[in-house]
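Remarks on the structure that follows.
Letters A, B, C and D mark the chains as written, and numbering starts fresh at 1 in each.
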Amino acid sequence: MADIRSLQDAVADLVHDGDTVAMEGFTHLIPYAAAHEVIRQGITDLTLVRMTPDVIYDQLIGAGLVRKLVFSWGGNPGVGSLHRFRDAVENGWPRPLELDEHSHAGMANRYVAGASKLPFAVLRGYRGSDIPTRTDTVSTVVCPFTGEELAAVAALNPDVTVIHAQQADRAGNVQMWGLTGVQKEAALAADRVLVTVEEVVEELRPRPGGIVLPTWVVDAVSVVPSGAHPSYATGYSTRDNDFYQAWDPIARDREAFLTWIEEHVRDSEGALTR
Amino acid sequence: MTATPAGTTGSTAGTRDFTSDELMEVNAARALADATTCFVGIGLPSTAANLARATVNPGLVLIYESGTIGSKPTRLPLSIGDGELAETADAVVPVPEVFNYWLQGGRIDVGFLGAAQVDRYANINTTVVDRGPDRPEGRLPGAGGAPEIASNCGKVLMVLRHSTRNFVERLDFVTTLGHGGGPGDRKKLGMPGAGPTAVITDLGVLRPDPATAELVLTEVHPDVTVERVRAATGWELTVADTVGTTEPPTPRELAALRALKAAGKPGTSGKPETSGKPGKETR
Amino acid sequence: MADIRSLQDAVADLVHDGDTVAMEGFTHLIPYAAAHEVIRQGITDLTLVRMTPDVIYDQLIGAGLVRKLVFSWGGNPGVGSLHRFRDAVENGWPRPLELDEHSHAGMANRYVAGASKLPFAVLRGYRGSDIPTRTDTVSTVVCPFTGEELAAVAALNPDVTVIHAQQADRAGNVQMWGLTGVQKEAALAADRVLVTVEEVVEELRPRPGGIVLPTWVVDAVSVVPSGAHPSYATGYSTRDNDFYQAWDPIARDREAFLTWIEEHVRDSEGALTR
Amino acid sequence: MTATPAGTTGSTAGTRDFTSDELMEVNAARALADATTCFVGIGLPSTAANLARATVNPGLVLIYESGTIGSKPTRLPLSIGDGELAETADAVVPVPEVFNYWLQGGRIDVGFLGAAQVDRYANINTTVVDRGPDRPEGRLPGAGGAPEIASNCGKVLMVLRHSTRNFVERLDFVTTLGHGGGPGDRKKLGMPGAGPTAVITDLGVLRPDPATAELVLTEVHPDVTVERVRAATGWELTVADTVGTTEPPTPRELAALRALKAAGKPGTSGKPETSGKPGKETR
């Protein structure tokens, strides 16, 4: 059953040095506030998992907290490169970044296998690609009925999955709607689940496209209005595309990045209200 | 999926009222005239697919990997997960379902891809580039949906700007198989779709020769010479016996494209994009 | 793109002698009217697929149209046996019935593989069960990462899937809600899809729990109000439990059954309005 | 999952104000006192699970294989897909998801199963029965969800009426593995859950001996003798050193059970079930 508690306490309890952490959200509902709390608490040596490591992971990587990244597309959507990600991979700054790299279809199925508590998933993928030469989590299986060789991808079971949702009720049941990405799979695949929400409501009214995570699969709910900014929460906010564009020059420069993190994360209101 | 800021480079076209990027975009949209369903990457593919809906194919069903099926955005989305894509969709499904039931399920006619590097067999690299022995590999965004889009869609269209940096003799990394090493390679690998059928650039169009699967120049933009395309291609480019000339954008196509772009960039609505600006080309 | 057309024409066009046909619906939204049209048209030698062959398949089997049944639980839920099914299996009346028998988890995953156009699906199932001794569509695969042996089930790809939904719009887009079972998977796995609906509406309003099948994955839509009776359509009707209980004595007796089919299906209004 | 019409057979209890079926149902509900989540088959398991919600465990989360998670029906559903199960649920998910993410995903504490035949290791047959050399196999409904429920739930409770027809020396078919051929068999097969921990009948309760995994009589209903249970069991029944006596239903339990049944049978609401009728037992 989920406890409703402060973000600071929830992160401190559920996210530990060395953990494998998935912060999911396909453009929508990305849990930025929780990531910033991880930065403030300096939780480090993380293996981060995410289909589309965008600015949220650029920040964690640039802050030096990340040992390894498991992903399928690393960019600032519609804008360009993730410069902190590139600097870590290309130059080892501020520390080297190990990669486990997949296609989207592979990553999505790795989460599906994780949620299904299967050791692997099968897809018709990676054919003719060099990707399998750089990862040990893609292999092959042969269909026992047709003899066709198919790709097998290893299950992903994060220690912690962190997501943002629109609403929870007082019992800790969570509902999200709009683009729901791979959040259900990422949550059900994980040992521990932390959900930040826009608000707590008396009753979760079923919504079109709504996904409910019952309280008994969630460990903690933290109320963090706008906790997805600069990503967004359908029904509460729109995507701050200006921020994504403004991020590019900040992230290009190590000093500018460090200053930004200091000012906007480490010294932010979130830090002060701990 | 790589973000490709629209630019005005790559064309020395004379005085005319459209840019070479605009013609590339219009030409890419035209290639979707007969499609029912299109799996759309962000950037140029999204521009082309949305333009197709506004011009040659109003019924075109757009599928974005964020899980939206049948999106009808009224402006160009900046990202693959902009809210309008979901709000205007016929259905929003989980991401695993998009890839398993819809893409791998063989439901998509056309996949539309960009690329950082492409070779003569329309194989694609979006992972890493070799920057020489003294420098570390240059990091690109990675595969995204491309390997399975290229494998499973009925056919694949590519759209990217033409330069020797992009059109290379040898890929530094094969992220996504196009036609492999020649005809029959896709079949050997059990790939259901036909693979890349056109590479649409700001200079013209390359199409695979049915006999060799090698990309051949079949079409150039007005005012672009075959020699110029050769010079922008990193391998010895084969040229079709008859090279067509791309029809310039009609006033309607151009107006639709510019309206889409003007409405673009949600959050800064109405602000025109830096390039793709209406008016005469500046160089 | 789906055409909106009469049930008689749609069935005649899409369902043929010898086809493999899935009529799905997990208690809810079972396409009875379409099955009755199959009986009226005498389409025969069918291989029927369904997780829970209930009274709808009892009727088709008793009518002598079925060569083979692929299923995981055959009963009249909450009431008892399917007597026509039993009579066919045990006594070959009115013709022998070949069986391909699975567990629910296996059947559900067979549809998932079918919808995914994979030749098989993987699950942790059938362990210690005799079921695999009686079917050639269960096998094993070994995880290339962990060495664990898992069950593999062959994909199901029906020639035709027939389902009932609440609504379609004029373009043939379909929406169903409530218990949606395996209908999406069964439809996407099939070569051809026929959907009966309660009504055609101007616009499909997104519903909580709603599943939309776009018109371009559907072949025909037929408007058949109450087309799921004695099953039900959430928002339109409730389950006719009395019918399910009344079915038991009818189905126990061959003559009573034949009389019922003659009176209620072959000579029914549906037959007359062809 | 097999439909098991509630009957009054199998008990010779004297004058008392509850039936042996009612005590079986109450006792099965009590076994759910500590569970968080229960995967519920229709029939007796559904009766017990809903009674548990009304008595010992109001917060019990019921999961039905039709896709409902957290159903709170106010009456006993006739079928696994009655509308009220969905209307009162916290979430309704597709059937494949129930089996893959929730059941196989290890999210369910207790699976509740009925059976046509059970053997001394709590293996289950719901597929076919041998009716002798001159008659064809008797057909049962089949596996339904049982094989994976028994494999993946934290533990399994079984509830069925006690007779030599049901409690057999040798199953005609193993549909669902309980404890296989003895301790360690489940582990050898890589089954995550503990398997059957209690078989609750209208005569008493059998539980597996931790050392042998064989079902042992640990509890009898009031007025039921050990001899009577032996006689109703098709194998030489082992009896625990101390055999407890099932607590009779409390007035509250009995009232809750009868209220559920009176509200039962939607569509014929208020009509009491043929058996399980309030009042004195008739034999």
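A few points about this structure:
Going forward, contacts are C-beta pairs under 8 Å (C-beta built on N, C-alpha and C of every residue); 3 or more make two chains touch, one makes a residue touch a chain.
Chain identities (UniProt): A, B, C, D = 3-oxoadipate--succinyl-CoA transferase.
In this text the structure is predicted, and so the values were computed from the model without any measurement.
Remark: among chain pairs A-B and A-D, A-B carries the greater number of C-beta contacts. Centres computed as Cα averages put subunit A at a distance of 28 Å from subunit B. One inter-chain figure worth recording: subunit B and subunit D are separated by 59 Å, centre to centre, where each centre is the mean of the chain's CA atoms.
If you average the Cα atoms of subunit A and of subunit D, the two centres end up 42 Å apart.
Shown for subunit A are the residues that touch two or more other chains, namely 112, 116-118, 123-124, 148, 184-185, 209.
Residue numbers of subunit B whose C-beta contacts span two or more other chains: 100, 104, 192. Contact topology of the protein chains: irregular, matching none of line, ring, star or complete. Going by the touch rule set out above, the chain pairs that meet are A-B, A-C, A-D, B-C, C-D.
By the touch rule above, subunit C contacts subunit A in their complex via residues 116-124, 137, 139-146, 148, 150, 152, 154, 206-210.
Listing the residues of subunit D that touch subunit A in their complex gives 36-37, 61, 69-70, 90-91, 100-101, 104-107, 192.
Contacts from subunit D toward subunit C in the complex involve residues 1-3, 5, 42-43, 65-68, 77-83, 85-87, 92, 94-96, 98-100, 103-104, 123, 127, 136-139, 141-148, 151-152, 173-177, 180, 185-186, 189-192, 265-268.
Subunit A meets subunit B in the complex at residues 26-28, 51-52, 71-82, 85-86, 89-91, 101-105, 108-109, 111-112, 123-131, 148-149, 178-182, 184-185, 209, 232, 234, 238-242, 244.
In the complex of the two chains, the subunit C residues touching subunit B come out as 112, 115-118, 173, 184-185, 188, 211-212, 214, 216-217.
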